[in-house]
Amino acid sequence: MAAEYILTLSCPNRPGIVAAVAEAIFQYGGNIRDAQQYDDQAATRFFTRIMLDDAGNLNLDGLKAEMAKVAERFSMQWAIRDRSQKRRVMLLVSKFDHCLADILYRWRIGELPMVPTAIISNHPLATYPHLDFTGIPFFHMPISKESKPEQEAQIWKLVQETETDLVVLARYMQILSDDLAGKLAGRCINIHHSFLPGFKGAKPYHQAHARGVKLIGATAHYVTADLDEGPIIEQDVERISHKDTPDDLVRQGRDIERRVLSRALTWHLEDRVLMNGSRTVVFRD
Amino acid sequence: MAAEYILTLSCPNRPGIVAAVAEAIFQYGGNIRDAQQYDDQAATRFFTRIMLDDAGNLNLDGLKAEMAKVAERFSMQWAIRDRSQKRRVMLLVSKFDHCLADILYRWRIGELPMVPTAIISNHPLATYPHLDFTGIPFFHMPISKESKPEQEAQIWKLVQETETDLVVLARYMQILSDDLAGKLAGRCINIHHSFLPGFKGAKPYHQAHARGVKLIGATAHYVTADLDEGPIIEQDVERISHKDTPDDLVRQGRDIERRVLSRALTWHLEDRVLMNGSRTVVFRD
Amino acid sequence: MAAEYILTLSCPNRPGIVAAVAEAIFQYGGNIRDAQQYDDQAATRFFTRIMLDDAGNLNLDGLKAEMAKVAERFSMQWAIRDRSQKRRVMLLVSKFDHCLADILYRWRIGELPMVPTAIISNHPLATYPHLDFTGIPFFHMPISKESKPEQEAQIWKLVQETETDLVVLARYMQILSDDLAGKLAGRCINIHHSFLPGFKGAKPYHQAHARGVKLIGATAHYVTADLDEGPIIEQDVERISHKDTPDDLVRQGRDIERRVLSRALTWHLEDRVLMNGSRTVVFRD
Amino acid sequence: MAAEYILTLSCPNRPGIVAAVAEAIFQYGGNIRDAQQYDDQAATRFFTRIMLDDAGNLNLDGLKAEMAKVAERFSMQWAIRDRSQKRRVMLLVSKFDHCLADILYRWRIGELPMVPTAIISNHPLATYPHLDFTGIPFFHMPISKESKPEQEAQIWKLVQETETDLVVLARYMQILSDDLAGKLAGRCINIHHSFLPGFKGAKPYHQAHARGVKLIGATAHYVTADLDEGPIIEQDVERISHKDTPDDLVRQGRDIERRVLSRALTWHLEDRVLMNGSRTVVFRD
């Protein structure tokens, strides 16, 4: 198969952007295989994701140099990535391992284009007797109020050492400090077990039960210093009934959480998520 | 078709309830056609809805007298209703008439077992040139901050005169006073254009857009003095995308609102909704 | 608001298409507001839908002339349409009027960008006492096995006289002859009351009940001579239960049918549906 | 927690059934915790599922003896099961292990009340390096056209030796002979990767792609001699787009398949599925 590249960019909107980019790609031997765009009229900002392949005579360095000029002209934020260069992903987990198990399964059968760099838990390895961590370093990093700064320093050191591109809080159940959240801005995804903005904070399924809602949900979002307020990537819900106890909601919620997180992760890994202020642009397939 | 009756009841849970009720029905010639029950273990409270018909020799007065004794014994709240006696429903509307149009259509083709007693709007009749109000009295009741008490007195008077059982706020866009909300407790349904408890108050679609959620919803609930906090009867959602402007959400929301309100209304009319504190028990079909 | 145009095209895929089209638009003063594309790798065919507006100096005739050259070069099928030129739509209906009522309501509040040219029914006007046909000519065209050729000739004559662009079979319940289906190829949409290809032919809800499926659905498709085999535009389903009788399915189906048909109709009116052999490309918003 | 029992029964409908059963339960010290019923008016047949617990003085043998009398009187098919006696389940799998992985995970965290008796595959153990089969005997039983009778004899022998109650074809990809299907009637569940009755037989995702449907689905059903025609327990669907290749459908389908199969399995294990001719009654929670 021909090498494939993903070009993503955003810039203030004005006529001629598509023509300039398409011309550059064509001129340097690229073939546009897929393209999606979004013109935020309120913010007058333009976003696009282009998948291109080598039609036989792609001059990648030439294209990059040309794109740099185009980007200069249109004040673009842009990136181009070789699809075969998989992102490096660190997984943080607590004792609830359903999202972790799901991610590992999908990764092993080839659904998730990523390289797991580490699994970090505040619980010991023995917590996961039935999961197969073969090939992924596991780190037990217990955490207490006192040790939190130190534990986070360890995490950050590992992120750097392993050249991790993305951190996934797969039901990690710990709140990152503003400092670490800041360092991981735009590359740390959390799964919150409610349909935000309803039921922020702790025990959302119990809150949902108490309020008597008829659907429960989950939300995958980028982590920011502002708890449960980060840019939302994906959400989903399922119908519940008056018969469901908080424990039933926790059980049903597991299915929603793993589905929502795996979608958000997939889209991030495929460069489908662009930041638009406190919101996201998601170029779904 | 044989006459059909709906028996609903709730009481503190203890053994023997079903046996006592089923025995009473059998003894007085009734045939149980459908029954649903719910045992709230946390509240130790029992709820049931039973549809029975006349198996040939139903003694309704006898059954009622017997049920009164059973109810006394088990401290039941109960009611029995002849399905052919349709509930009398008053519709309050503002200039957004999509829910009203939907309810009227469903009523005319026989989907909604009700008798419309009146349509009240704070806009004049000419606002609705394409809706057919044939057979339903229309009342234009303008409202201002000053005239609100008087306008609500008019509404309440009409509720009484028309022997209205249920008031439906079909996008009425006005907040009932605590006084009127109290008078209509348990028999006034509102449609709120968000997935509560997210986005309470005004302009929920604009709030949803600003927050960047990926699904929008609507909520049908009983009206209480506590705004947007009444017992929820039904909710539903639909997927949106980053491309949708607040106006797009308003448009998509119309479909969700009319669907959610018509379901809640149907269930109320069929005695499928029982109150359980600040929540509802909904015996869906 | 600036004038807006929709450009749709398909052609054999090869490098340079996007560059050529985007360059033409830019050169003649157009601004690309939205663009979606699809590259069918199996068929090596490229599809795109571009919404452009006048950035201040659009030379539409120049753009059309340039596009004609580009189209020649790439063997394109293409069209450009002024969004303000609404399509002319004829509605065919039988006694089941839920889809018709829904379409009329959406049209009147401005959701559907179309001009209704006629409503044709095989039942008399008195069948629809509660629908408001104001401003739309109504034609009663009864049909029998013998009169079918003549009745279809009448329909076809009216299509021509009214310059109808699209015919919608809104639960018309009659099968078009191969001849008329052929004349209306690509511009006649039918709503079938099942999730095709399951339950083709008559009484699909009864078939669904007999088979014991757990979801029922509806399908909007272009009409072809091959009954229930035309290119599918949209489908949707809803959950049912063992309790539902065929009549219950008919009732629930009405909601699915009107939802599915109105979506398909909207997408057609907005040039979002392109034909790809016996399948459709649907550029959803 | 008090011991809990599930009573399921069906019989020709006539007045007095509920009263007789509820009276028997009450008399012998049982407490009805949940009850669902269905009256098939077309078949004049009554179905119920009752969950009861020991209110302190349950006489189980007495209740069983009394129920035998009631069953005689009403020509009932009935069963009562101690919820703590988990069903014994055999899992048959091919090289596609997503359903198996999902079932094992759910079982290990306590979601599925069952005892796995064996995993049988026509592929060797090494096919599943990342699944943890600890505690479950694995059997490699290759199959060819010639060896099929012998292989099925092995399976049947193992079913008997392990006292297996239920066989789950978790993407087993082999068609059972009429003989084995007959022996396992009502206790063998298959997951078919289409929304039946659409796309029966082989390669349903390729069929779905070729037809251009807009939703794909999966169906869990009891296995009968009549291929893909067994009583349906559960179905679900997901939206796809024109962009999806058959391979994309296979990938998306995995999520639907595992969701649908785990629900059907859960309901069977909880005695929520009753047979009604060629259809099922499913008393969902």
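For clarity, chains are labelled A, B, C and D in written order, and residue numbers in each chain start from 1.
Definition applied: a contact is a pair of C-beta atoms (placed from the backbone, for glycine too) under 8 Å apart; a residue touches a chain by one contact, two chains touch by 3 or more.
Because the structure is predicted, anything quoted here is derived from the model rather than measured.
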Practice item. Count the C-beta pairs in contact for B-D and for A-B, then report the pair with the higher count. Key: A-B
Exercise for review: For the copies subunit B and subunit C, give the interface type as same if over half of its residue numbers appear on both sides, and as different if under half do.
Suggested key: same
Revision key, fill the gap. Note: subunit D sits from subunit B at a C-alpha centroid distance in Å of 37
Study note, to complete from the structure: For the pair subunit A and subunit B, the C-alpha centroid-to-centroid distance in angstrom is 41
**Study point:** Where subunit B touches two or more other chains, by residue
**Key:** 34, 38, 241, 243
Review point. What pattern do the touching chains form: line, ring, star, complete or other?
Key: complete
Exercise for review: Quick one: which bits of subunit B touch subunit D in the complex? Just the residue numbers, please.
Suggested key: 14-19, 22-23, 25-27, 29-39, 55
**Study point:** Contact set on subunit B toward subunit A in their complex
**Key:** 38, 41-42, 195-199, 211-215, 217, 231-237, 241-243, 245, 276, 278-282, 284
Review point. For the complex, which residues does subunit A have touching subunit D?
Key: 34, 98, 101, 104-105, 108-109, 111, 129-132, 134, 241, 243-244, 248, 251, 255, 259, 285
